[in-house]
Structure formats: C-alpha cells, structure tokens
Amino acid sequence: MQYDVKNLKLAGAGKLKIEWAERFMPVLRLIRKRFIKEKPLKDVRMACCLHVTTETANLMITLKAGGAKPYLCASNPLSTQDEVAASLVKDFGIPVFAVRGESNQIYYQHINSCLDINPLITMDDGADLVTQLHTKRKNQAQNVIGGSEETTTGVIRLKSMQAKGVLLFPVLAVNDSKTKHFFDNRYGTGQSTLDGIMRATNVLFSGATVVIAGYGWCGRGVASRAKGLGANVIVTEVDSLKAIEATMDGFLVMPMKKAAPLGDVFITLTGDINVLTREHFRLMKDGAIVANSGHFNVEIDINSLKKMSKKRRAVRPNVEEYTLGSGKRIFLLGEGRLINLAAAEGHPASVMDMSFANQALGAEYMYRKAETLQNRVYSIPAEIDDSIARLKLESMGIKIDKLTPEQKKYLASWEMGT
Amino acid sequence: MQYDVKNLKLAGAGKLKIEWAERFMPVLRLIRKRFIKEKPLKDVRMACCLHVTTETANLMITLKAGGAKPYLCASNPLSTQDEVAASLVKDFGIPVFAVRGESNQIYYQHINSCLDINPLITMDDGADLVTQLHTKRKNQAQNVIGGSEETTTGVIRLKSMQAKGVLLFPVLAVNDSKTKHFFDNRYGTGQSTLDGIMRATNVLFSGATVVIAGYGWCGRGVASRAKGLGANVIVTEVDSLKAIEATMDGFLVMPMKKAAPLGDVFITLTGDINVLTREHFRLMKDGAIVANSGHFNVEIDINSLKKMSKKRRAVRPNVEEYTLGSGKRIFLLGEGRLINLAAAEGHPASVMDMSFANQALGAEYMYRKAETLQNRVYSIPAEIDDSIARLKLESMGIKIDKLTPEQKKYLASWEMGT
Amino acid sequence: MQYDVKNLKLAGAGKLKIEWAERFMPVLRLIRKRFIKEKPLKDVRMACCLHVTTETANLMITLKAGGAKPYLCASNPLSTQDEVAASLVKDFGIPVFAVRGESNQIYYQHINSCLDINPLITMDDGADLVTQLHTKRKNQAQNVIGGSEETTTGVIRLKSMQAKGVLLFPVLAVNDSKTKHFFDNRYGTGQSTLDGIMRATNVLFSGATVVIAGYGWCGRGVASRAKGLGANVIVTEVDSLKAIEATMDGFLVMPMKKAAPLGDVFITLTGDINVLTREHFRLMKDGAIVANSGHFNVEIDINSLKKMSKKRRAVRPNVEEYTLGSGKRIFLLGEGRLINLAAAEGHPASVMDMSFANQALGAEYMYRKAETLQNRVYSIPAEIDDSIARLKLESMGIKIDKLTPEQKKYLASWEMGT
Amino acid sequence: MQYDVKNLKLAGAGKLKIEWAERFMPVLRLIRKRFIKEKPLKDVRMACCLHVTTETANLMITLKAGGAKPYLCASNPLSTQDEVAASLVKDFGIPVFAVRGESNQIYYQHINSCLDINPLITMDDGADLVTQLHTKRKNQAQNVIGGSEETTTGVIRLKSMQAKGVLLFPVLAVNDSKTKHFFDNRYGTGQSTLDGIMRATNVLFSGATVVIAGYGWCGRGVASRAKGLGANVIVTEVDSLKAIEATMDGFLVMPMKKAAPLGDVFITLTGDINVLTREHFRLMKDGAIVANSGHFNVEIDINSLKKMSKKRRAVRPNVEEYTLGSGKRIFLLGEGRLINLAAAEGHPASVMDMSFANQALGAEYMYRKAETLQNRVYSIPAEIDDSIARLKLESMGIKIDKLTPEQKKYLASWEMGT
C-alpha cells in the first residue's frame, strides 16, 4: 500500500481521536451499519481531497465499509492531523497522502497520488482536485462518473466551470444541502473559528472589538458566537441585503476602511480575494490580530503585509508577528489559512456528522444515478437531506410533533379563510 | 365617495399617526416621489385587502400618488386602526371599508365593497379577497390582470390554488422577496408580537417560560426576542430540520404535549390549524396565557376552550379569562387573532417600509408585465428586491464595501486554488 | 373619607386591573394572609407617596389588611393610573390623592393631604414626602417613628440628609434589599422602559442605535434588553469600573458628546441632573427620540430644548415634537418623566411582588423596632430579604438543592485544601 | 539559586509566552515602571503560591522590579505551565518550585520550599500556603507581617480562620476588589472554562445541554458564555436569591438530581465539596462530560466515580473515560481540577491585568501599613481599586464623561425633588 504520512507511530493517538469523534457522529454510524450489509460502493475507486481530520477519518471508514476504495489527500496544507493520517493507514488500511505543513508542491503531488488511482468518483473540499483534473489531467476526467464538493468556495468554482461549459462530469454540491450549510457553516464555523483564535492567542473576547468580513452563513455564525462571548462585533459586507440583516441583528456595519482602526481582532470569511489589504493594515491598531476562516488563504493579502514589514517572527504556535515600518505590530494567525483547522480541530464532530452523512449518501446516489445526470452541479435530493435531518434529530433524543390529518388537509387547501 | 369607517372625527389623530409612520418609511417616500412624476398606475382600479394601519395608509397614499385608485378593506376583523381609516377617507380621499371589531359578516361585506369597483389589480394579506373572487365572484376574476399577496399564509393558499389549477390570474408573492420575509417576518413579528403581549398583559418575560409553536421566519423572530427579554423559550415544530436549528440556537424543543404543562405564555405562529387544542389546555398551568401571531385565528382551538370552560369574562382589554371545569384559568389574548395587531400597532413602520416598497413596485411591475405572465404565483424580480435593499441601506446612512474588479474576477474564475 | 381622584366611575376597570396584578404577586398574597390574622400594624397611620399603580394598590390593600390606615399620594405627577386610584377609594376604602397629569402645585398639595393625617410611618418613592416633612413641616417630623424609601434616588437623598445630620427619624432603604434592586431595578426597569418606548413610538429596536446613560442596575437592565431586541447599544458612564463592565458586556462606551450624533433613541437612567443638554441636542440626528427612565425629570434639560426650538407640538400620546432652529426634529417622550410609568404600566407585577413584600415587612419591622433605631438609613434585615427570596422561589414552583451537612461543614472549615 | 522546574530548556518558549501576556497587561506594566523607580518592596521576601502561568510570571517580574525577592510555587498540581516556570528561573532569576502534574506530596514540598525562605509577606491562591503556615509551621507565622489571597475559596477559608480566632496575621482579600471579582471571576472564568472544555473535547456547545452548578460570579460568567455559544443552560443552586436571578436571566433552575439525566456537559463552580456524587453519576446519560472550574478538585466526587467504574482509560489529553458497571461511560476532564488551567491557559492576560495589579499594589500597601492592621481579612482600599479601574479604562483607549460641578452638587443634595 502506498501512502505518505508524517509518522506511522502516531497511529495510536490517532485511533483514539477517531473513536472520540465517532461517538458524536450517530448518523454516520447508522449509515455505516447499512453500508456494511449492502456494500453499495463495492470496488468503487474514490479520490478524496478533504481536511484530514478525525471526522473525515470516520467518513473514509464508512466509505470503505460500503465497499469503496477511498484514497485520501489533504484539501489544505495546514489542516492535516498527522496522527489521524497515520491511524487511517495503519489501523484502517486506507491510503493517505497528507503531512501537516506540507509545501504547495507536495500538496499537489499528493493530489496527483490520489488521481493516479484513476478514480470513478471524486470528493472535494474546495475543488482543488477537480481543478487539477480539469487542467493538468484533462483526458483522465472522462473516466470519472461524478464527484461531490463540500464547501461554498468549491461550489462557486464549479458553478463558474459549469457557466463556462468546461465541467466534464456531474458534481453534487453537498454544501447546498440544508443539513450541511445551515449547521456546519453556521454553528460549526461559528464555534471552531473562535476556538482556533483562543488556542492561538488566549485573547479575551469580552470587551474586544471583533471585525468580521462577510455575513454569509459562516460569517453570521462567527458574529453570533463572538457576540455571545461578549465582543463588540463590526461586520463588513459587499451585499446590501446581508448588510441590513447584520444591522438588524444588532451589529455595526461599515466599510473595512472605517473598521480597520477600530478592530482588535479581524476575521475574514468571504470566499473572495484580498479582503484585508495594505490600506487596511496601515490603519490598524498596534497589536491587531488578523485571521482567516474562509476556504483559501487569499483573503488576507499576506504578500503586502510582508512587504510592509521590517521584521517578522513567530511568537506563539500559529502566531506570527509582523512589525511594520512604523513600529506597529500586526499578528497573523495560522499563515492566513482556515484558523479553525490550523489552530484548533475544525468543526466539532456532531456537526460534521450531518455534512458527512451527505457525503456518504451522496456518493451512493452518484454511483447509482450518474448516468442520468448531465455535466452540471446538482444538489443532493431533498429526500436524502430530509432523512438526514430526521436521523439526526432522533439521535439527539428529541421528539417533535406530527401534523394531524386535519392539519395536512388544511395546509393543502385554500378555501378556508377568515 | 363610498366608505365605511368607525367615525370620521377620528381623522385628526389618524393623520398624525400616518405622518409618524411616514418618517420611518424612507424607501416608500422615494418611490412616492417618482410615482408623483411618472404616474405609472394611472387610473388603475385596485382592490386592497390589508391590515388598516398607519403603514398601509402610507402605501395607499403612494399608490394614489402613482395615479391608482385604491379601495381598501381590512384583512382581519381586529386589526383596523379606526383613526387611520378615518383619516384616509377624510384627509386623503381614499375609500376605506373597515371597522375594528367588525363581525365576520361585515368583514366579507367590506371585501365585497372593494370588489364592487371591478378592480384591475388586487392586493391581499392572507388571500381572503382573492378567495372571495375565486369562489363567490368567479366571473369577475377575468377582469383582473393580476394581484399580489403579502403574507406566508396567503402564499400557501395561492400555491395550493395553483397546484389545483384554479388560479385565474397571476399573483406576485411579495412575501417571498428577501427584503420582505427576512425582515418583516423576523424582526417585525419578533418585536411586535411581544409588544402586543406586553400591552395586553404587562407580564414579565424575564424568568417566564415561553412556548413558541413554529420555527419559521416569524417563529424564530419571536423566539429570539423572547430570549432577549430573559425568557426561557421552548419551541415546538413538525419539521425535523427546523427542530434541529431551534435546538442549535439554544432552545428546548419538544412536542406540545410535553410543553403544555411547562409554559407561562404560549404563542402560535405556524400557519396551520388547531395547534393548541383541548388536550393541551387540559395540561396547562393555572394562569397560562395563550396568544396567536399567525395569520388566521384558527391556530388556537377556541371552540374547544369555550366548551371546556364553565365561565368566561374579559379581565383587561384583549384579555379574556376562561375558567375551566377544574377551576383552572386560561387567559386568551385578542380573541386568538394576530396579537401584534390586535393589542399593539403591528410591525414598526421601518420594517414595513421594505415590505410595502415591494407592494408598490410590485403593482407597477404587474401593471406593465401582466400580459407576459401566466396564472401562477411569481416572485418579485430579484432586481427590484435588490434595489429596495440598496435604497433601505442608504436611507439608514450605512455605507458598505464594493467588490474591486480583481475580486469580481476572482469570484467568476475557477482556476486559482491553493 | 377625603380623597382626590380623577373619576370614581373608573373604579370598575381599576378593580379588574388590581386583581390582574394580584395574580402575579404571590409573596404579597402570603403576607396579606398573615397580616389579616395578626394585624401587626393595627391603627398605624401611614403616609404613602408611591406610584399609583395596580401593584401599589395591592400593597395598600395588604397594609390595610394588617390593620394600618394608609393614605396614598402619587410620587410622580405622570405615573398615576386613574382607574386604580378610583378603585382604591371606592372598592377598598383607601384614601388616595392623585390625578394623572396633575400640576406640580397639586402634586405637593396631595403630599400635604397625606401628611395632614399626622402619620406614624412614612413610605416614599423618591423621598419627596420625607423632604416635605423635613423642610415645610419640620415640627411634625417628631411624631414620625420611621419611614421607608423605595428607590435609588430617594436613598441617595436620604443618605445625603444623614451625612448632613438633618435626618429626623430612621428610614429603611427598601431599595438596598437584594430582593428589590437585583430584580425590580434590573429586570423590571429593563423591560418596562422599552415597553414604554414601544407604546409611545412603535419604533423598531432591531437595527436601531440606542444610547443608554448610566450603567447602574437600571441601566444595565435596559442595555441588556435593548440588545436582546436587536439594538446596537452605546453606554455612557461617569464611573470607570462600570464603564469597563459595560465594555466587557459587549457594549460600546463613549462620552455623550460622541454618542449624541449616533443615537436613534436616548434613554437616561443616572439619578443625576442635566445628562442630556443643549450641546447634545445640537449634535443629534433629525428624528432622535429622547426618553428618561430615572426617577426625576431632571435628567434631560427640557428647558434648554424648549429654548432651542422654534416649534413644539404633540404628535402622538406621550410624544412631543421639538423643531429646532435648524429644522431638525427631536422627539421627547412622556415629558421627560419615567417613561415606563408615563407610557406603559410600570414594572410588571411579578417583580414588584418582591419589592412590595419588602415594603410590607419593612413597615412591620419599623413599627416593632423603631425605638431601637437611630435617625439613620438602614437596610432591611437580611433574614427578611432571604425569606422573601425563598417565598418567591417557592411561588415560582422552582426547587433547588440544599447543602448537605458535609457541605456545610466544609464551607465552615479551613483546614482541608489541595 | 534553588528551584525545581521540569526542564530549563523550555525557557525559550516560556519567555515568548510571558512577553505575549505582557502585551495584554498595560496596568501591570505601568505599575512595574513606577516600581523600578521607587523600589517600594526593597528586599521583601515573598512566598507566592499561585498558578504558574504567563500572567503570574508578569506579576513576579513586577514584584522583583519593585525590589522584592519573590519565591513561587504552584497553587494547583495541574495548572503549571512548565515552560513559563523554566523561563522565570533562567531568564528572570526568580526561584520557582512547580512541575505540572506533580504529586500532592511534591506539591506540599514545593510550598515548604517557599516557606523555607522565611517570608515577610505571603501571596496565596486558595490559601494552601497560609494553611501550611498555620498548621505545620505555626511558629514561623509570627515572622510574617501580612499576606494576600487571590480567590473566593481562599477568602472563605481565611474568614473561617478569622471567625475561629486562629488567623495569625492580616490578609488582603484581593478577590474582594471590584476590579478583581467583577472581571476575573466573571469574564475570565466565563471564557476560559469553555475554552478548556473545547480544547479537551472539541465538543459542540450549540445545541448541547450544559448544567452549571453554582451561580456565583464564576458560575454566571460560564452560564452567560455557554448561552452565547448556543447551549441550553441549566443552573443548580443552594441559594434562593441566586436561583431567582438565574431564572430571570432565562436559565432553567432545578436540583442536580433533576438535571443529571438531562446534561451533556456538567461544570461545577461552587467552592463546595461533593457537588456531583454517586447518585448523580448513576442518572447521567451515556457519554456525559464532567468538569470542574471551582478552585479545588473536591467538587466532583471522583472516588465514588472510580468505585462505580469497571474500567478507566485516558482517551484524549485531559479526558478520562469511566465505564460504569452498566456500561455507561462518563468522561471526566482534567482529573476534576480547574479545567481552564488544566486544559487551557487560564484566564486571558487582559483580565488578569487588573487582578494582578491588585496583587502588586496590595503587596505594597501591606508592606507599608501592616503595623496598623489587625489579624483579620481586609479588602484592598477603594482608592486602589478605583485607580486600577481608571488605568485599565485609559489603557483600553476608552473615554467617559465627567460629572459637572452642577451634577456633583445635585448628587450631594437632597432638597431638590419633583
């Protein structure tokens, strides 16, 4: 078996962590049970480019239980948990190509290792693997029957490919499932982003001014949690509607230029490029902390920051101090990469449970239905989405009301009014 | 001019109130300015069935400013502000047929008075007028080129009509505009429902257990505000996904039977029938307060409550005490009608500003485009929705960032990754 | 029987309201039960200067049940509920001297009517009656054995009298009881202040910038509730410690001059004079809403506002529009008097239950112990305070843990450590 | 120089961390500046028993800058940051006796090492050192002129000593300073407790039921932050007043027996013994997480948990899995010791800034005034407390209003009323 991980001796610690996550993933456990019996993915080669975390490990184990042959590489150079990678290889016999802190070159080499298996199905988190396929390994793409994509940023890229007519196989936008983006993006990113910043800096949020760029599902999750920790939150946006929502949720909304001199902590979650730039760094307070929780490390213009700085040094794990010409210091966290994965453990398992239930059932669906689909971006069918919600609710031990026949009839009728 | 209002002498007070609301409706004011110049609705007869409030008055004045001939009746027997009705007639020359507390018979008589004008366009809040047209005055419906509908409940009714193939003209679902349901349903209903309950009862929310039936846009608005006032909030739902959301938002979720003995205050906002029934009343505490903020007064099974009671009396305005056989007392607010309109003044004007901007621009759009539309339920075009958001934001004096050309390009591209 | 109320015909409505409040005052009901049996205040003449509300009515009835002869006048010209005053006279035989909207002259005349009975015990809310006694009717003061004071402002005045050595009898600072100021000032003022502003203006708090002057118990109550309703809250303070607390609670803190141009709604709760002045009015936005929830109407410099204005008119009940020379309009609510009493019904009964339990038990204590007390300001004994908390908790149906003998011993020991 | 630390080679990392904390401690920095000039503690031997963290390091450095000779040992066997201890010894020449995870025997040996210097002043966090002095080294106590105590639990022990007449020198209750317990206990413990649990478990708070034992300053801090992270919070109490406060703050209050089967996460902060016992473990859900954030590891009855368990194993750092006879698993965090120090880094430096400013100025005060004090527990003088608040506010860049002469006069007067 081929693989490339940091150190197989880490496997013991990794296995314990994988088991720990498993406790909080009851829906995935139920799916695994069925997969073991039905083997719906028998012998399907899968190239999976995901954050190599304990939750992903449970997804891989589930896919393998369903008969698949998953190969795993990282979807971010700084998000791999090396002990988890080791355990997947050693304890579960799943090939992994991922080392935390790998260079960009190795990062793509690992993606290519996964593509070398000539996959039938791809699984992406950010669309790097699928992009590699569509650019450097284009003629291999015809062997792929379909793929799936986990995150907002990846879906945006895929829709752009679709719009330009270059997408070569159908892809399921797992991110668009309600049981994914309502929860993972909002509650998962909300907590784990702040968790990452606390681990990196031990900063007190209470009384701090936190500037959040972007009020999408992720941004509003982080804004809500920062407020819940006692911060004064400022939101920046480019969309009028979201800006009014942020205002009505009680946040201050202003352009980044106005926010720059006010913030103690800055967090970008826009999915766009160069959200914090030279003109903002210049305006920031001495000691400002700058982090990103968007998918790619392009939201903070790190190059400009480097150029503006006369000195640069690591002061804590995941904290780099940039001293500007003026003597002012700016602290960049986790090299501008997803701070929840760089400095903490990513989303809690209980929220990834639903996201990865979508991935597992999505793979099954794609394998069955690929022939009926066009080279487009699809949502997971609503029935699958709903069934995941039902299973999750049950696993939480929560009971709810059922519509009575009279209520169902009423909802379907229109004659009865005042 | 025909009309039926409580007392024209109330007009003075009504005019002041209409002006007060106008201050908080800058978007509608801008539209009115343009309408005065362009007269886009010249001579269009409109039958409008809406809550007769200060905000609606401003909408009527705007339609008239655009050349239209609006006739107004109430969309709920208990929501009319009599002084506003009087002022519309006396000060603005707009025919109104609405008296607060009118019987159901008079209510429909007033709808018919509006239909007697043979309208070209209808405007509904709950679809009672359009239902009247499609049942009792069917052959008149062919003269109507289109309509609009304000609220969730009405849209559900219209979609049911569409599904059954009985809808006789196109209708714009104003409720589906983002600038409507994101704000009016959430922030408007959230505050005004609790405002109504406070005015009716002066009850302390801090420390009270508030049971909220339904976690749609309205329900989550009320849940959030009740929590913000210090209540312990329990949510009941029939939908698994919304139930998980409510849980993750920190609320207790359980079936109504479990919640019934725990609640101090119950609020229904489901759009469905018989949400609180005999079996729940039986389980409630002595002194439980029961209110509805859903569109129709069918959510609380008042008939059963009456039958279970040995005594019934008014103890405060909008509070009726029901003494059950057991001696236990249940307090029903506002006869089970929309409590924010029955006991308070409905949504604050600043939030209705966006809703009624949609109505005004929707009417203009319908008049221009009706011929191109089928007999279906349509959303307001996204451009109109967006433009309202932009105008609102400007009127709030809030500035936001703009995408740079580089950022726009990045969002449209897919090649650039890790 | 002497009295001066608006109209005895209002008694019916007043009685219903008094009964309504009674439901939410279980602790006072328990005290009343005992008082009926024990008559601890038999024939004690009491001069009571309190807000004439439904809750005060229940206190008066309780005192009378205990054998006392209470005479009641208003502690604010704009807080009297006329129907309650009428019912107290007609249905309960308690002399009341209070008419909503009375002039300052009548206000003091009413205080004097209460003092004419030659009271043994006084009861104040703001110390106006006790001040009258110590200035205009000084030689009558020697007949008084003791008094009580309800509110922060009154306690400050009394402590100033004590410091200057002019206090002529002992006074119980009811406000200092934990079961009073932790609840009434925080949760009561918190909700009722916003309730008053909503009834007066129907303004949307969501998205509004609310400036709160003073972060004492009342101010933090209002700040917390305004945040809970979705407002962006700015706090002004003169005390460093409270300013840091406000900051760490997530609020923006700044001087009033900086806040003046930002606020949509201003609320003063400082207990001090001229908190909002000419220099602030000048800086405010067109349409700013200005209200006070501190005890006296001195916090807003209304005289300056009048002088700056070229026009003044009532635009809604409790809303007066001041048009400045510049054309800018400022809306003053409730003539700058306690907005929760001027425009709403004051604190909810369930919170006044504890405050007035302190008053009733305080009166009993004073009557028994006055001889042992000096001419100073005293707190209610802790046992009384604790017993009220216990009764309240029981009445709420809430059970809590009890210390085990082992736990008690541990808390009293010091030897056991790591 | 004597010392006992894990490894001096860790000093480099420790120094960086100490510097990092220093950035967030502007008040202590100002004090240090003055101390360097004035040397107010010249040659004063100090025995300091505190959590060996980066913030404590800054306090030690400040004391030394003031001329003192501080010796430092740990106040908890599991709270020492070994790299900080190493740096204090190597880089700052301060003797430290503390190794993370030391046995209880070594723990007391280290305390004795500090006492061997025959200190003039003591500094405690939990009163273990002072207890050692008053039991095992009683005749040495006469050489001590005074001490200080950091935390609630220690103050309770000292007051018990005072009540029993056994306290042998005066002690300053630093905990009682407003600039200490309002902030450190509330905002510090609030965030750092949840931070510790997240680092230990990566559990999602959103949607979890968190049971908090104790609603003192620490408990309400944690309750507020858990709510802010989306948890459903249950509070248990033994005090009626605090129980009502918790209820009015929107939390469910119930006895622990009722809460035990409902909780996902349990946190004790009572300062008392055996708050979670056999009878509660028996009722808990499979997978319940149990943590303590009170000073001593006596709040959770770990012995009983051990006896009830058939199996015990470490599953993550700071997480021990106990499998009961029934097969149910309970996860104990950080051996039941202060979870914020065991699994995270303790309170953020910005909040410890004020606490340790109290310690530094308290030591100076004690050295100057000890002769005038009795063998009792004293608060830090209000002027010192106030001055810390002022300095902190300034360092945060926040400006506030000042009382005008007119306002000061008004506050001191009593004649002016309605």
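Letters A, B, C and D mark the chains in the order given here, with residues in each chain numbered from 1 onward.
Note that a contact is a pair of C-beta atoms (placed from the backbone, for glycine too) under 8 Å apart; a residue touches a chain by one contact, two chains touch by 3 or more.
What you see is a predicted model, and the numbers here were worked out from it, not measured in a lab.
K.L.:
What are the mutual neighbours of chain A and chain B in this structure?
P.N.:
C, D
K.L.:
Tell me which has more C-beta contacts between its two chains, A-C or B-C.
P.N.:
B-C
K.L.:
Where the CA atoms of chain A average out and where those of chain C average out, how many Å apart are those spots?
P.N.:
Chain centroid spacing, chain A to chain C, equals 52 Å.
K.L.:
Approximately how many whole Å separate the CA-defined centres of chain B and chain C?
P.N.:
Inter-chain centre distance comes to 37 Å.
K.L.:
Would you pick out the residues of chain B that each touch at least 2 other chains?
P.N.:
In chain B, 187, 206-207, 227, 230, 244, 247-248, 396 touch at least two other chains.
K.L.:
Under the touch definition given earlier, write down the residues of chain C that touch chain D in their complex.
P.N.:
75-77, 104, 107-108, 126-128, 131, 135, 156-158, 160-161, 164, 178-179, 182-183, 186-187, 236-241, 243-245, 247-248, 253-256, 258, 271-275, 296-298, 385-386, 389-390, 392-393, 396, 398-404, 406-407, 410-418
K.L.:
Considering the complex alone, what residue numbers of chain D touch chain A?
P.N.:
Residues 16-17, 19-21, 23-24, 187-188, 190-191, 195, 198-199, 201-207, 224-225, 227-230, 287, 315-316, 319, 344-345, 347-351, 396 of chain D touch chain A in their complex.
K.L.:
Which of the residues in chain B end up touching chain D in this complex?
P.N.:
206-207, 227, 230-233, 244, 247-252
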